[in-house]
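By written order: A, B, C and D. Residues from 1 in each chain.
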């Protein structure tokens, strides 16, 4: 198998605040093979957004990567300077689709201006002149099914519906012909029908353009529909990963199991997870889930080893032996 | 106490507070601090326009009076004028704003239209006309400034009253039969206190500056009052040789206004964290 | 858009009328006698009485006001007591001078204030930010007339870099009067020497007036930029790789200047106020120094006209500010 | 943002590069830049004040003109004049061949029109003529003769004649609106015959006026071989700015009231000098003789001795003024040469005060001294007096005020301030201008008579002098009247002005006269 497009290993990120540092990410492992869609699933506050920021190199000034590797197509992202990241990675090699299409577009600039800005200062084969870039954008808008694309470039964000804006953002992510797409819950803000259309669109685009995608969500239903593989995160730790069907079918980690159980489509009877996500400022030792875990043991206060079984990995003392 | 400690963490605001307190102290103790307290009114023409020396730290003016003493003595007038103006403007603007905001109807309309009219020209223009027509004196200047500054309070209080009025508890109070005056002054006014205090603090600095302009134009304080603006006007024809005559009163204005502005800014950040600088 | 303009203008009219009534009443209830002022130094009591009758000062106040309004409707602002010229003509000379001065001051304030505020926001809480903040607070505390005197002594007398006073060097003659703005008229006449000379004369007064403006604009720009920086679209724009400098200078800034632009309306009032003293010092023949002369001489018609003119400019500036909001933000434009 | 910064930098560079210097060089050598005040409007029959003299002397001509210092009244447009034995009929014979700037002849009818215009508008100089002259009593028996038939004898009539500029009715006629006598037009234009004509296009009120030499002026230019062809009036409004502008070379002349503190500096600069000329302009601190305690002569003497004349003149004014002990400028005939006036003597003042107190004068009352806020000297004098009065237990309060307010307040004794300060300038050169109009009780209600002094004996003397045609008799009457007024301390007379005008060194030929303050341009030349 060829080299994965993105590899994250043992990533730990801490954020300094008024009352001390907090390890928002503690032990994240993630691999995105070329051409695949990997879903990262977790509750709100588990560190999904921080993971995306770490990958894109836009962590806030008070955050620091303490350890771990981030490797994109074999390049060590941590070794790149801010300017290199901005020029070579963000927007160009890695396209980004934000969460809320209503807030992500700059309200006072035309769509065309904003999309062209993404391509600015980047060398793209065959797109030297401004009009080339424009034609390219019109093609993209057509691909994301925006009606009357040339006209759309001259309009302002508030003149589009939410679904259309999300399509525009997808076009933006594709503008520089990236190899990897990073999507941050791109459908959460949309109604269900629109959600479906967007997911279909994404799936098709990834397939047509031979892209890979990191898709962050809290929604197992979306994952099931879209993703090839899943990585489940709890409180800054990767707890389980593997092919979508296998995990949904037979989750190993108690957290995964409970999370699936919360989903109205999947669970026979809805059970919530008692307790709350721990504060990253003062996390429990070892497996961070153990205070809430129905099957916790004494050794859970130590960090569990990751057990691999083919494509599947799980970090849990329950599976440490096998 | 906790609030104070939190406030003091804001260094510029603390500096402002320090300057303001110092000004108040100087104003209160003026005649004791000034080396020549009689120089407020007495001239000694034989020692006119002497440069700064140990005897006269800021030099002497065109009538031989000690500039240092006059700057100190002037603090009382500057602060006094500002305090009077702001107080009168508040006494007019706050109740009017409350009534307009609480009552609604034609009375509210009338009050707010008058406010609009006064605000339709820059304050100083109207103040200058008024001060001149009332015969130039410190009292006229104060009256003119107050008469043109109250709409600012009126607007502020009006907006706050509107906001608070729409909050449920006013209806509840009316329900239990509280009188409108009681509601306005006991329940709404305290809610509007912070913006009023902020406005008043900034107004102090602003008024010191405007009063100085009036003094400079000869439409405010009258000689021989040790007014800062007046001193600068008097000093002009002795420049640049007698630089001390204009420089020190100018610095005094600057420092006093700076103090009130810093304090006002700090207070605003304190009561309205939306504009918090640290974020 | 047109409807917006008409509606806004109509809204201003009652205030302006009220202002006129206010000033008119003030002028007439004060102790000093307009007829005596009009009659001049060598007049006898009898002469003064004749003038009182001739100008209708003996009639009831409301009647006088109606007469005045009637004249005004015909574009006649009366004769200046002081100069014996039609007031409208005097204002015609003074107004462009002030417009030129205040416009340049505003421009300067924006050109300096916006970058300063942006820098402070980008590096907020850094020493640079603190320095800019102290500077802006200081800028608001300095008395314009004092600064004017000090700048004059430094730049005109000591260093000799800039001219001392006036709108043009004394030996030059003003360009043909088209707009009354020397910068514009000199260019229209193709006189670049006049343009440069007028510009050099503008520099100090415009800067003096701009100082509090710089401070205000910088503060509001800073707050605006900080607020905008928190917005989702900035995070998005960062994530898709907008070049950081362009991101701030274009995409953040345009969203942030709304508050600063609103300030320009208020600032204009402060500017005119400041101009009253500053124009005198720089000998700038504008509406501010005209106002002082008019007020000192109790030149009734001139005072009324000045107040009204300033009221109108003030209103126009505020309407322009609203239009500027529309230019900045398409959503606002749609509601106009 | 970078573009913004670039723009700022570029404009700064531009501005610095375009200083006034190169523009100045080209025309400087032949052009005089006059920094003195311009009158508020240019119509010489509407405004009558010191700045108007500049227009009056240069753009217009009168029948007679004051020349030199002390001023001599010389025939100007008139060749001669005569007065009937009754003192009522005056006849003036005009010079032949005088032309207005538009080339038309100046004839007797134009003089009649000019005087009628003054009387008709009742403004500016009209005050001097209205009591004694009716419009239909001015006639032109022929084209070179003008006749005035006065209502009553008026000795100063000839002295007042130079006040009236002869204007060109043919230039004014097309611009008359309603009953305005063309004054709205003449406020920004000229219709004269003087040594200089105005370039109306250059006129910007308060800012600029260009004057061009009238080579065909009737007086000819033989007395000045190198007159200045172009004079640019660039009035500087503020005193301090004006001095700076002179030192910087922006203007060639200040006004003639240079602050005394600036004299040394202007003289030291090397390129500028100060012309110092004793004028006829009395600095006077008025006392309202009708208001207690000023109705008490001892109290007035007390205040008169509490003013530090020497300190004011020698220290504050640095000696650039002449002590003037009485109401008349001491360089004018009719001023008693032996009058000593009052001296600064606080002890004597205190004694006088005690006497006044004994007589029941309410000296404990706070008295008001009104000053003119634009004129620093009035403030300084008031502060000096206030400070010394305090030492003898009299409290005074200073009230800055303005000329129009003050003059309207003097209409009634009750509204006239306790004290106020002003100058009496040369409106016309005759004792009538000073003692005649200030201490004859028939003028009560005008600002000049605002001390409300009344003494039947003085009234009789002044009235006799007013109608007499015997110069020696008039002189005696005025001297005697002066002595009485001084003894009764009607006012405080402080000094006679030394007029100070800052000039650049290239200006030569400057010739001062109390009328016009040296603004007569025809004598000036430029050195290179």
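Rule of thumb we're sticking to: contacts are C-beta pairs under 8 Å (C-beta built on N, C-alpha and C of every residue); 3 or more make two chains touch, one makes a residue touch a chain.
Quick caveat: nothing in here was measured; it's all calculated off a predicted structure.
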| item | value |
| --- | --- |
| Chain pair that, of all pairs, has the most C-beta pairs in contact | C-D |
| Chain ID, smallest distance between chain and overall C-alpha centroids | C |
| Centroid spacing, where centroids are CA-atom means, of chain B and chain C in whole angstrom | 23 |
| Distance from chain D to chain C - Cα centre to Cα centre, in angstrom | 36 |
| Chain A-chain C separation of Cα centroids, rounded to whole Å | 54 |
| Gap in Å, rounded to a whole number, between the CA centres of chain D and chain A | 89 |
| Set of chain B residues in contact with two or more other chains | 132, 135, 219, 236, 239 |
| Sites on chain D at which at least two other chains make contact | 238, 373-374, 402, 405 |
| In chain C, residues with contacts to at least two other chains | 31-32, 157, 280, 296, 298 |
| Pairs of chains found to touch, sorted by chain label | A-C, B-C, B-D, C-D |
| Residue numbers on chain C that touch chain D, as the complex places them | 31-33, 36-37, 39-48, 50-51, 79-80, 82-86, 89-90, 93, 111-112, 114-115, 118, 152, 156-157, 160-167, 169-174, 193, 196-197, 199-201, 203, 245, 248-249, 253, 280-283, 285, 289-290, 293, 296-298 |
| Chain D residues touching chain B - in the complex, by the definition given at the top | 238-240, 243, 259, 261-262, 265, 308, 311-312, 315-316, 371, 373-374, 376, 379-380, 382-384, 386-387, 390, 398-402, 405 |
| Chain C residues within the chain A interface of the complex | 231-233, 235-244, 246, 251, 254-255, 328-331 |
| Footprint of chain B on chain C - complex, ascending | 12, 14-16, 18-19, 22-23, 26-27, 30-32, 124-125, 133-134, 137-138, 140-146, 149-150, 153, 157-158, 223, 226, 230, 268-270, 272-274, 276-277, 280, 291-292, 295-296, 298, 303, 306-307, 310-311, 314-315 |
| Chain B to chain D touching residues, read off their complex | 41-43, 45-46, 48-49, 62-63, 132, 135-137, 218-219, 222-224, 234, 236-239, 241 |
